[in-house]
Amino acid sequence: MIISMKLHSTQAEVAAVCERIEHFGYKIHTIEGAERVVIAVIGVGDVTPCLESLEAMPQVEKAVRITAPYKFVSKEYKKGRTRIQVNGLEIGGDEFIVMAGPCSVESEKQIMESAEAVAAAGANILRGGAFKPRTSPYDFQGMAEEGLKLLRKAREATGLAIVTEVMSDADVPLVAEYADILQIGARNMQNFSLLKSLGKAGRPILLKRGLSSTIKELLMSAEYIVAHGNKDVMLCERGIRTFETVTRNTCDIVAVPVLHEMTHLPVILDPSHATGKRSLVAALSRAAVAIGADGLIVEIHPCPEKAVSDGAQSLHIPDFEKMMRSLQPYVELWKQARMTEAPVAV
Amino acid sequence: MIISMKLHSTQAEVAAVCERIEHFGYKIHTIEGAERVVIAVIGVGDVTPCLESLEAMPQVEKAVRITAPYKFVSKEYKKGRTRIQVNGLEIGGDEFIVMAGPCSVESEKQIMESAEAVAAAGANILRGGAFKPRTSPYDFQGMAEEGLKLLRKAREATGLAIVTEVMSDADVPLVAEYADILQIGARNMQNFSLLKSLGKAGRPILLKRGLSSTIKELLMSAEYIVAHGNKDVMLCERGIRTFETVTRNTCDIVAVPVLHEMTHLPVILDPSHATGKRSLVAALSRAAVAIGADGLIVEIHPCPEKAVSDGAQSLHIPDFEKMMRSLQPYVELWKQARMTEAPVAV
Amino acid sequence: MIISMKLHSTQAEVAAVCERIEHFGYKIHTIEGAERVVIAVIGVGDVTPCLESLEAMPQVEKAVRITAPYKFVSKEYKKGRTRIQVNGLEIGGDEFIVMAGPCSVESEKQIMESAEAVAAAGANILRGGAFKPRTSPYDFQGMAEEGLKLLRKAREATGLAIVTEVMSDADVPLVAEYADILQIGARNMQNFSLLKSLGKAGRPILLKRGLSSTIKELLMSAEYIVAHGNKDVMLCERGIRTFETVTRNTCDIVAVPVLHEMTHLPVILDPSHATGKRSLVAALSRAAVAIGADGLIVEIHPCPEKAVSDGAQSLHIPDFEKMMRSLQPYVELWKQARMTEAPVAV
Amino acid sequence: MIISMKLHSTQAEVAAVCERIEHFGYKIHTIEGAERVVIAVIGVGDVTPCLESLEAMPQVEKAVRITAPYKFVSKEYKKGRTRIQVNGLEIGGDEFIVMAGPCSVESEKQIMESAEAVAAAGANILRGGAFKPRTSPYDFQGMAEEGLKLLRKAREATGLAIVTEVMSDADVPLVAEYADILQIGARNMQNFSLLKSLGKAGRPILLKRGLSSTIKELLMSAEYIVAHGNKDVMLCERGIRTFETVTRNTCDIVAVPVLHEMTHLPVILDPSHATGKRSLVAALSRAAVAIGADGLIVEIHPCPEKAVSDGAQSLHIPDFEKMMRSLQPYVELWKQARMTEAPVAV
């Protein structure tokens, strides 16, 4: 950490800051610059409490962190990739993963039809929401446990693993009973009570980036889960909120190689929420493969105009099949890159 | 709702859209424009499911909502202001309210000293966090029930009402036992499980706007609470996230009169989180009074550099006292405006 | 255009709005909704003046535009793609275009070395700035005409076409004398004096999207150029400004297929400014090819740490060569898609 | 400047960085941290070229600037306030300034009526655009010199000073002939050719903050003008672009005290563009006075629904008069604060 003092600070003011730093057990290196004093703080461990304390001192101009505030999720902690085993699949490894399914579980017919289409197209995991976070209290809130039971039925019929959202720490044990992967939605990325409860969930986590969360905050939320005992976390870029309104969100696709530089965790891209528009999903999916994502999570529906949620961004089943075929040569290139290069993003 | 068809839509495509609208029970008014067909959808109630269904139809260019998606929180539902009674105070009425206190409850000495300063300066309500949402799992997470007990002690000693944060639906009954007002933090504004549980909390709610939440989304979250049974909700502008980094957040101060045009609920401004910097708090507080906010929530601390959180934005007690005195003439003008004008924001 | 009246508008208020609409020569269609009156405005031509006038009337709640505010650049005006001929190349056609070179022209040695590397790697066009927009008045402002002369020399030596920036309407004739393509920088996207002067420039234009410009605003700026007489405009996505600071900008890669749905103009992607970081350029370039961009504009430098500007995002020449080879199979897939599909983005 | 090396950098890599720093003539202070090497760079003058060079070196993790990149506009360069003399007025001094008038000059009748209203209400300066930056090429582009002549006429009739926009360096001499203050619009804040030409304009400048410009970039643009010879610059906060769409822009009102901490230049607030909505202008104007702005620039119109631009945000004349009266007690408090405190924002 580097502390920059205000211009014209007195020796007493510098001494007060140094004393405060030493109170936290760090070593000090004082530098007399051309215009002001700069203090280097040397030591290991989480410097946040010290940093916040110094920022509160009136004579301090600025405190700059040098080391990352996360540990377990960093590349420096673990070389190589985290490979997550789910139902015979490996996420973050040498296979490109496709998760697909409807936004919400709506009925047995709808989820079974979807699941069969997902399996037939060669995708790996079935998505479908039983607990739905909705902006309006008047919108469909999900089928709850009834929906989870239908997902289990689809799992039994097709052999697909299940990813589904959990919205409250109270529901974690219930959802973990039915699902192979627990999804944390964008609006809950900093629901810290929920994050803590995932440590003991016994299931891998798909953690979606918040609408206006920085990449560092996404990593800090993953750190919560790992620090509480669950190291199987995959991250998901699903678009961030910006001033642009032509698309539902703005896909920060570069977050994929950025995350691969910063962390060993797998990175999934959600082209459906990132665009909000069916006609853009295939093009963005190709780009996601090309940029080196570990997988996709895509919304499809047997009849999008009858979907209770997200119909406009859900692919019709034939279009999903067509997209899966069109992705094939890109996935081949992806595999070649993954085998020869480390990391992909260079 | 207005539906704009794509250019060159066929009669059959228009008919398919009309059929879908009638399925939801609405009436239709078709207009042949110079270039395309536009369909007006006429009817009452929540049009969201119909709107989403139509957006999912390929021949639809755009669907535009005319009526607001919220009901109970709108000015059209209730004329006049919602006045919330707390411990002999009225929030949203004829008195300007100041809530103040430390970010976190840290010790008996710290909270008692703070509470006495708050009371002595003429402020009305004591704030202090016992459950703390922190970006890092390694930062101080709050004293939990121990902290709530200290808040009760401070309440007994000073007579001040207490506002404190609740982070999980599981904790609502516990926090409601100790607090006069339950605060929902910015990161939980769309934690819908939590919002639903507040309907039966039996305490007024201070709902903070999310970091990247629109004003409409803030109102929809308030609608959740009211629709689940609790009509005593106050809204809080605390700064939004933008590209500007000189301040911690960007205060959308105009949200205050905008909200007063859209809703009957009181609007509180948090100058501490909105700026992140102690030296800016007094100036922004004056502006908040001038623009017609119903109150302030301000962070203070007996010794900010020893605060476990938010020290840089916490006022020293003497500066808080000075600020309270300097606000006085603005509060006088506020009272005159409130008595003569309806609403203030005109 | 659809006009939504305020709740409880009187007949006289509706009549006043209708009268105002008729003043502009449009036809009217009045719809009595369940709660409010909605007026459909029917007619051709630019409705902006009418729309703005109606928005200024107190009884109007909202005015919603149905038709796009641009004409020449829209798909509805021109089917097929705009193919721009430059020096024997076709931009927007069946070849993927790569423009590359240093941020600034710095010396004869530097630009000649760069040009030779660009040609040797199989790229098509040389970039290099002679007039530099710099945030600080103390930074290098470009070599001006001296730099243009060096670009001409590089052109003669390698046969590469030249793209270079023009910053002021006064400089357009000078720059047009030396350059094959005139580049308009992000900060000048809404410099309307400059845009107007490009109508008679006699050179194709590479128009970069502004840091916080919407896709519609980008199209409106292109419309300025076309409406003033120059139909050879290519658009460039180069990253937008958001809250994320790990990358220099946030690449809105989905703008590529969105623009291909909205306009016939070619779309180029700039992976250097979009990321600000050398290590991310190759990955984003692959994604740009996969998503269907018409070309790339990339910064390279013989010795990035000695570059007077943008060194951190400039590729070393060997890395550029490596990237060009790695793009090859993606470009093959791009060509197949372009030949069989129309448009690529479906 | 502080350079943080990548983890596990070798001695040779550190030496290469040090050599590069010495090449720029700075002194070096190397610190062996617990995990990595940090290098403090000591010296005066603009460090940008050195910083950019270091960022381009692969072994450098991060380069952090300590000193501000601007000089003349900083508080450290000049104590006290810049007071700008215009037509017998002092901007940035002890009087609160109100500039008002229509968005565009449209006709003699319109501008004379407006000017008389401005003078009668006690405001100080007449605004009105003769050169109009418009998103669409089909919208009214201003009356050009004809409009300037009408402004001169209004000046002669009322004695009000004139502020009007200039959009191109070529037009600066012409506009300077008619205007007392030259306005640079938000979209031209980084039109560096224009900024340079203002150095010799011989008129004070009103520099509007760009839609997505940071406060530091605003100061850098002001630095351009001062460094080129014109020290009479006033800054204008007019709202920034964010995700919120209920208002036209988001007013970053805290920029006012932030700028007062960073610079000696006056700060004007534009409540019309900041909100885009007439009903919000008076409330925001009160807040601007309370927070310590040096003045306002407000749009008014004799008949807003007939305005060729910005009608929705233009005040009717009687509402402007009412607002001016309602500001009076706030202006009294402003004067008291200005006389007793230095600076106001503390």
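Read from first to last, the chains carry the letters A, B, C and D; within each, the first residue is number 1.
Following the convention adopted for this analysis, a residue touches a chain if its C-beta (ideal position, glycine included) is under 8 Å from a C-beta of that chain, and two chains touch if they have at least 3 such contacts.
Only a predicted model underlies this, so the values are computations on that prediction, with no experimental measurement involved.
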item	value
Centroid comparison with chain D (C-alpha atoms), farthest chain	A
Chain pair, A-D or A-B, that carries the greater number of C-beta contacts	A-B
For chain A paired with chain D, centre-to-centre distance based on mean C-alpha positions, whole Å	39
For chain B paired with chain D, centre-to-centre distance based on mean C-alpha positions, whole Å	31
Distance from the mean Cα position of chain B to that of chain A, given in whole angstrom	27
Interface hub residues of chain C, defined as touching at least two other chains	212, 241-243, 245
Footprint of chain C on chain A - complex, ascending	212, 214-216, 240, 242-247, 250-258, 261, 274-275, 279-280, 282-284, 286-292, 329-330, 333, 344-346
Touching residues (chain side chain B, partner chain C) in the complex	2, 4, 7, 29, 31-36, 38, 40, 42-44, 61-62, 64, 66-67, 76, 212, 241-243, 245
Interfacial residue positions of chain D with respect to chain C in the complex	20, 46, 48-49, 52-58, 69-70, 133-141, 167-171, 187-188, 190-194, 196, 211-212, 217, 220, 223-224, 227-228, 241, 278, 304-312, 314
